[in-house]
Every structure is written in C-alpha cells, then in structure tokens.
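Note that the chains are named A, B and C in the order they appear, and that numbering of residues resets to 1 at the start of each chain.
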Amino acid sequence: MKQLLKVDGLHLRFGGLQVLNDLSLTVREGQIVGLIGPNGAGKTSCFNCLTGIYQPQGGRVYFDGRDVSHLPTHRRARRGMARTWQNLGVIDSLTVTENVMLAQHQRAGYSALAGMLGLAGTWHRERELRRDAAEIIEYFGLDGVADERAGELPYGVRKTCDMAMALATDPRLLMLDEPASGLSPEEALGLSTTLRELRDRLRLTILMIEHHVPLVAEVCDYVYVLNFGELLTEGEPEAIQRHPEVIAAYLGGTAESPAEPEAADDDTVQFASEPPEWPLMAEGKSNGTA
Amino acid sequence: MGAFFALGIFQGAVYGLLAVGIVLVYKAKRVFNFAQGEFGGVAAFAAFYLVVNLGLPYWTGILGGLAAAVAMGLAVERVIVRPLESASRTIMLVALVGVALFTIAIIVLLGQPVPRVMPPLVEGSGVNILGAGILPQQLILLAVLAVLAAAMAWFFKTDLGLAVLASSQDTRAAQVVGISPVAISRLVWGMAALLGGIAGLLYAPVGIFTPGFMTLTMLVPAFAAAVLGGMTSLPGAFVGGIAIGVVQNLGIYLLGQQLKVPGAAELGVFALLMLVLLIRPQGLLGKEA
Amino acid sequence: MATATMTFGRIKVARRFGLALRVAVVLALLVLAALPLLLGGDVWAQRISRAAIYAIIGLSINTLTGHAGQISLGHQAFVGIGAFAAAFMASRLGAPLGFGLAAGALAGMATAAIVGMVALRVTGLYLALVTLAFGLTAETTIFNWREFTGGGAGAFAPRPALVSSDHAFALLCLGVLALVLYADWRLVSTKAGRALAAVRNDERIASTLGINVTGYKLAAFSLSGLAAGLAGGLFAHWNQVVQAMDFEFQVALVWVLMTVVGGLRSRLGVILASAFFALLPLTLPNFLAGLPWQPPFLNEAVYHVLPPFIVVVMLLIVLRFFPGGLGQLLRPATRWLTKGGDR
C-alpha cells in the first residue's frame, strides 16, 4: 500500500521543554493507525505539527509523496488533511448546518467575491452545499439539531458535529484527537464500526490519538506509542499490548487519566500545549481564563 | 537640538507617570486602561475648583483632587469593570474608551471647555537645561515618576503585590492566599486612579489645560511608553516614557522644524510604536508574560 | 420553510396571509421612512443623506469588528482619506462624481489594507492601540498636508449638476447604502461570511478547515476600508467642503461605540444607531431650545460634547443589559418579518 503520510524526524521545543524528539512515523493509505501514550507525551503537539499549527524546529512532513513541511495550515487542509480537536473544532455561534457548510469552504466552487456580489451561480451552489451538508448531518444522526447553535448543544453532540465537519472538508486523511473521550464504553465500541465504515465506504485513511485501549485494539491496524516526546515502540496492537515498556509507561495506571490540556486560546502567543508539571495552570486554562 | 532633548525628557516624565498606571492595571487585570488619562483630568479639575474657584489652600486641592480621582477609579471598577469581567477584552476596552469620553463630556458640561491655568506647586522661574527652560514643576514631576515607578516595582515584590499578580493568572489562586478577588480589583483600580491623579495634578500647572487634556494628547504616547517598556515592566514604563518624550521632541525638531512635516510629534510616536511591536513585541525591558 | 409544507389547508392559508401581512408591514415601514424625504424639504433631505453616510460607516465598522472580530479605533482615518481623495478628484482634477467616489473608496481600501497588514502581526488590544495611534497620526499628518487637503481652509468638493439638489443627493446616498447593504447580506449568506465567523472565533480551527486566515483578515480590512472611503467620498460632497477637524480621532471612538450600541452583526440595529447619531448633533440644539425649561449650562460647546455623552451612556446601558445591542432588542421583530415565526 502507498504511503499517504510520512513524518521524518520531528523535533519540537518550547523554550527549554523538548516536546517532540526525533519522531518518525508512517501512515499507509487505507490504514487506521493509532497514536497512544500517556498525558504530556506530545500526541496533540504532533497533530499540531502535522497540520502546520506549530512550526517544528526540525523534521519533515510528507503528504501523498510531497513535502508539505513549509505549507501553511490551510494549504495542507486543502490537500486533504482534516482533523478533529480535543476541545472540539466547532464554532459555537454557528448552527450545526452552518458549521458543516463552513467545513465545505474549499469546495464551495465560487470565490468569496462572487458570493459577496451575489453572482448568479453562487445562489445555486449555496443550495447544493446546503443539500450536501444535510446529507452529512443525516449520516451522523444530527438532523434533529441541525438548526441549533452548536454552543448550546451537549458535549457528545458537538463532538459528533466536529467529526461531521472534518468529513465535510472532503479529506483523504482523517486525524482524530481522542474520538472516544467523553463517550460511554458502549458508544466507544460503536465508534469502531463507524470508523471502519468511513474507511471502507469513503476510502479514508485515519490517524487517531486515543486513550481508550479496547477501541485501539479493536480498530487499529498499527499503533505508535509515544512517551516524553519520543517513540517508545510501534507495531500491531496485539504486540503493543504485550510490550512490557508500554505497560510500564502507559497501560500501567493512566488509562482513565483526564484529558490533556490544549494550548491556551490566547490571541497573541501560544505556549506549550502540554505542560505536564503545572496542574494549576492547566486548571486555569480549562477554566477559560487564558 | 539639545533643548529639544531636554524638553523631551521632562515631557516624557508625564508619559511615564501615566504608563506606570497603565502597566499596573495590565499586570493585574490584563486590561488596557484607556481611562487612565481621565483619572488625571478629574484630579486636575477638582483641584482647580478647590484652589482657584473656592480659594482654598493648595494642599486641600491636592487632597481633593486625589480623592476625586480615587473615587472615580472605584466607581469605574464597580460600574464598568466588574460587570464586564467575563466580557471580551475588546468590549472592556471599548467600555473604557467610553468612560474617558464620558468623563470629558461631564467636565465640559460642568466647567465649559475653556483653557485654565493652575498655579504651580512651587513658584519660581525655570532652570536652564541644555538651553531649554525647565520649570520647577517639571523637575518635581520627573522626581515623582522615579519614586513612584520604584515604589510600584517594590509593591509587586510584596506579599500583597504577589497576590495581585497571582489573581491575574487565576482568580482562585488569590482566594487561596486569602484575599478576595473583589478586594484585589478595588485595590488595583484605586491605585491606578491615584497614580493617574498624581500625573494630572503635577502636569496641569506645566501649561494651560482644557477638558480632556490628559486623554487627547497624553494617552497614546503613554501607551506607547508602556508598550516600549514591555507592558508589564515598571522600570520599562519609566524608561519608555522618557524615550517617547525624547523621540517626540526630536521628531518635532528634525521632521517638523527642518523638513516641515505636519504632525511630526505624532508621527514620531507612531513610528516608534510600530517599530517596537513589529520587531521586539516584548518591549525593551519586557519578559514574556 | 421547505419543511413546512402543511397538509392542512387552513394553516396554509394562515401562512400565506402571514406573508402578506409581513410584506405589508415592511412596505409601511419603508413608506414611513421615506416620508421625511418626500415631505420634509431640503433640511430633511440633508439629514437623510447624513444618516445614510453614517449607516455606511457603521456597516463598515461592522464588517471589520462584527464579522472579522478585528478592532479599529482609527476608522476616521479611512473615512477622511476617502473624503479628501474625492474632494481632490473633484476640485483639482475636475473628475466626474463617480470617479471621485471610486477614488475615495480605493484610497480608503488601500489605507485599511496597510493597517490590515499590521494586524496580521499585532492582535487584540495592541491592534486597538495601533489603530488609535494611526488615526491620530493621520489626523495630524496626512489631513494637514496642505497640497492634498488644502490645509486649514479645507478642500472643496462641489456637487455635479445631477445631484446638486439635496433631494437628488439623498437618493444617491440611499442608493449607495442599499448597495452596501446588499453586499453585506450576500457576504454573510455565503462562504465568506462563514469563513469570517470561523476566523473571528478560532483562527486555528478556521485554518484546519482550509480557510486562508491571513487572506480573510486582509480582505475584511480592505472591504471595511472600501466602504469607509466610499462614505468619506459621499461626506465630502454632502458638506461640499472637507476639513481636517471633521476627522478628529474622538469621532472614530464615537463610531465604534455607535456600532456596538446598534449591535454587532445586526444590519438593522447598526443602521438605526448610526442614523440616530448622525441626526443627534443636527436636531439636538433645536430640541433643547424648544424645551420649556432651559438648563443653565447649555451653549455651543456643550452641543459638541452631548452626542459623545449620549452614546457613552447608551453604550454602558447596552453592555450591561443587552450585549447584542439594539439588534438584540429588535430580533423578535426581525425574525418574525424574515421567517414568519418559523423559529
């Protein structure tokens, strides 16, 4: 199978903190690959490097055989890299339908200026986009809340909306940041059916960060284990589960650990997204004081 | 040219004094206080009323002016800042701009927009520094700036100051120390108003003053001074204020007098502000955070 | 409404009737709004022009702050540059009105685009400061540049024969306002509006959805500057003379407050608030002179500060009690008018 994503020797530092150290991984087309590791291992930072939100100090990212290391985030997205967010990538002030239509941005088929001038074709395209959005919304069972503002919906529904948005970008690679967090164990296992279906029906490739071990074991073709920014090991899920170092570092005690903090949503400077040793700060940030 | 340099240093002292108040509010609350200048405006007009209109002794004017400024600071904290605590920073800034315009409007309504002359703290002719006549009042201003900047820097090293800083990171952290966030908020705005009041009282006698004199001409240079100093550094506010004053006056000399460019003072300040923000956003003396 | 294909005949009738009622209400409101223009003579024609120009300025600020979430406290610079450019075209080059307005719009757009480039590096509160300092600098530097602005005497902007009457000019201003309104409506209804909402809320999410955050920010500034410059051009010909003192930086602050009072992202609210503040300085002296009791402290200078005073009082009320501005108060009515109570 063809390599869709290849990451070569990523180095990421925030001040004195080495967040990623010589991280390399490969995702082949049609695979579902897991990225696991304890909190603060650098998993979300890795996603941020892949999507271009962070500029790593070293290393390359190849997507579909081409070096995308220097492309801005939106250009990578246009090539087919989509992601979901641990803190959810939905825009609270828009409705679910508007959020999905927002995600269809790159395939709207008309320029922003044409839309603003109200040129003939744009009205038609808007209707088509709305119809497509309705289809996606229906697939995810969100039709009941399609016209509700996303910010007023419960967490689980917004999480589904986030996934629907990632799909609406028409991606080739779907990067999921803890898709099972906040779901009940049964829902988490149900997710494996959805993920397989997405891969098989839409020919998607999936890279996911996940803590929920049964889901990883159930659905992933291949697993990378991260610890302190370095690759601890990699392999088939069965082998990983028996790996002594993995058990020591990760499966040992923290399977039920809380979500790792996202980077501050500050509008000026972004600091380290995962400061493991400052629980007080992490609390403050989740409180929205940043 | 030397005279412009000297004028700039003393003009910069009032920017520095306003900047100290701006930095205090920013450090403690992460808010840009666009009403800082009008604390001084209120103090100056209250003092003028007491000293000139009522003929009371000068010290009552000073006390009355500072009391008026602090009262305004506490009122702003209660009526504007606290209710908008959870609003976005931009809305807060718009509201504080509103406070400044509101205060100017009140002063005009009560006192008419005529120029006034406030008697100086110390009478006497100016001293000659590099060919510029510097009033005793301006010497006092510079000295007070140095003392207050040092005092505020010291304040942030005390337990109380550290609690104020902690509350800017996390309101619960301050509660752990045992001080309520409301008390800290009152303290910060009261102190900022006091600093603004001192600036207004000391600067009003330097020339004639009109309603809005602190906001319309002083506020932007004072913010530029705070940014130049790194926005959180009190020595930075001192140095930044003087630097802005000097740049402004050199701008007047080089651009205005030599090249006849209109608005040279504002152009100088704007250019310096842009330069700092684009090249060294953390300011000259600022650290991250 | 597509989902509301009712099978019960009676409800269908009620719906159709509702639509007719709504159309009738809108028409009645429009006629009511047109009455001053039809019956009010030149004075009201002038006032309506001014209200329309202010509404364009309010919508311009709304584009930047409401849609894109960027702040500008120096908007009077964009409007002023547009005004001086239009006056320059009209009086120095003798260009037709259309060219003057286009030049004003382009000048405003170019200026705003430059400020927008700064906004890519400098965000939030610092951007507010930079735009404020920029407005102040523009006021004292560019607007006092004698060759361009005519210095203290101001620059003249005579109206061409076609719109020389106040009524014709009012129609021109209303026409431009209608165009701006249409563009704003289409903007928020299409992909650019959604993209700006994403940029406003979370730039990182926006970029991972394939949205060029940099491009949209610059576009928002340019568009806002375009409308502001256009309003400036109209203002120049409305007043027929432009002076630097028309564009003091307090004016920009009042405009921003005015837009927030109207309600960000509410077209109707912004227009009403803008019109109110456009007319306030013109009607306030007469209104106060007509009062049976004359407050003792009133004089010319006080008229100058009363509008800012009133806008600030309104702002404080709005921010505390209904943060959505006038638009929030009007929402039930506008929702009924546009959707017939579907939601």
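One rule holds in what follows: a contact is a pair of C-beta atoms (placed from the backbone, for glycine too) under 8 Å apart; a residue touches a chain by one contact, two chains touch by 3 or more.
In this text the structure is predicted, and so the values were computed from the model without any measurement.
Using mean Cα coordinates as chain centres, the one most removed from chain B is A. No other pair of chains has as many C-beta pairs in contact as B-C.
Chain geometry summary: the mean Cα position of chain A and that of chain B are 47 Å apart.
Our note on geometry: chain B versus chain C, Cα centroid distance of 33 Å, whole angstroms.
As a whole-number value, the distance joining the C-alpha centres of chain A and chain C reads 40 Å.
Touching two or more other chains at once are residues 124, 126 of chain C.
Taken together, the chain B residues at the contact with chain C in this complex read 31-32, 79-80, 83-84, 87, 89-91, 93-95, 97-99, 101-102, 104-106, 108-110, 112-113, 216, 220, 223-224, 227, 261-263, 265-267, 269-270, 273-274, 277-278, 281. On the side of chain A, the complex with chain C involves touching residues 51-53, 72-74, 77-78, 81-83, 85, 89-94, 98, 101-106, 108, 110, 112, 115-118, 122, 126, 147, 165, 169, 265, 267-268. Of all the residues in chain C, the ones that touch chain B in their complex are 65, 71, 73, 118, 121-122, 124-126, 128-130, 132-134, 136-137, 139-141, 144-146, 250, 253-254, 256-257, 260, 297, 299, 301-302, 304-306, 308-309, 311-313, 315-316, 319-320, 323.
Residue ranges on chain C touching chain A, taken from their complex, read 123-124, 126, 182-183, 186-187, 189-192, 194-195, 197-198, 201-202, 204-214, 216, 219, 343.
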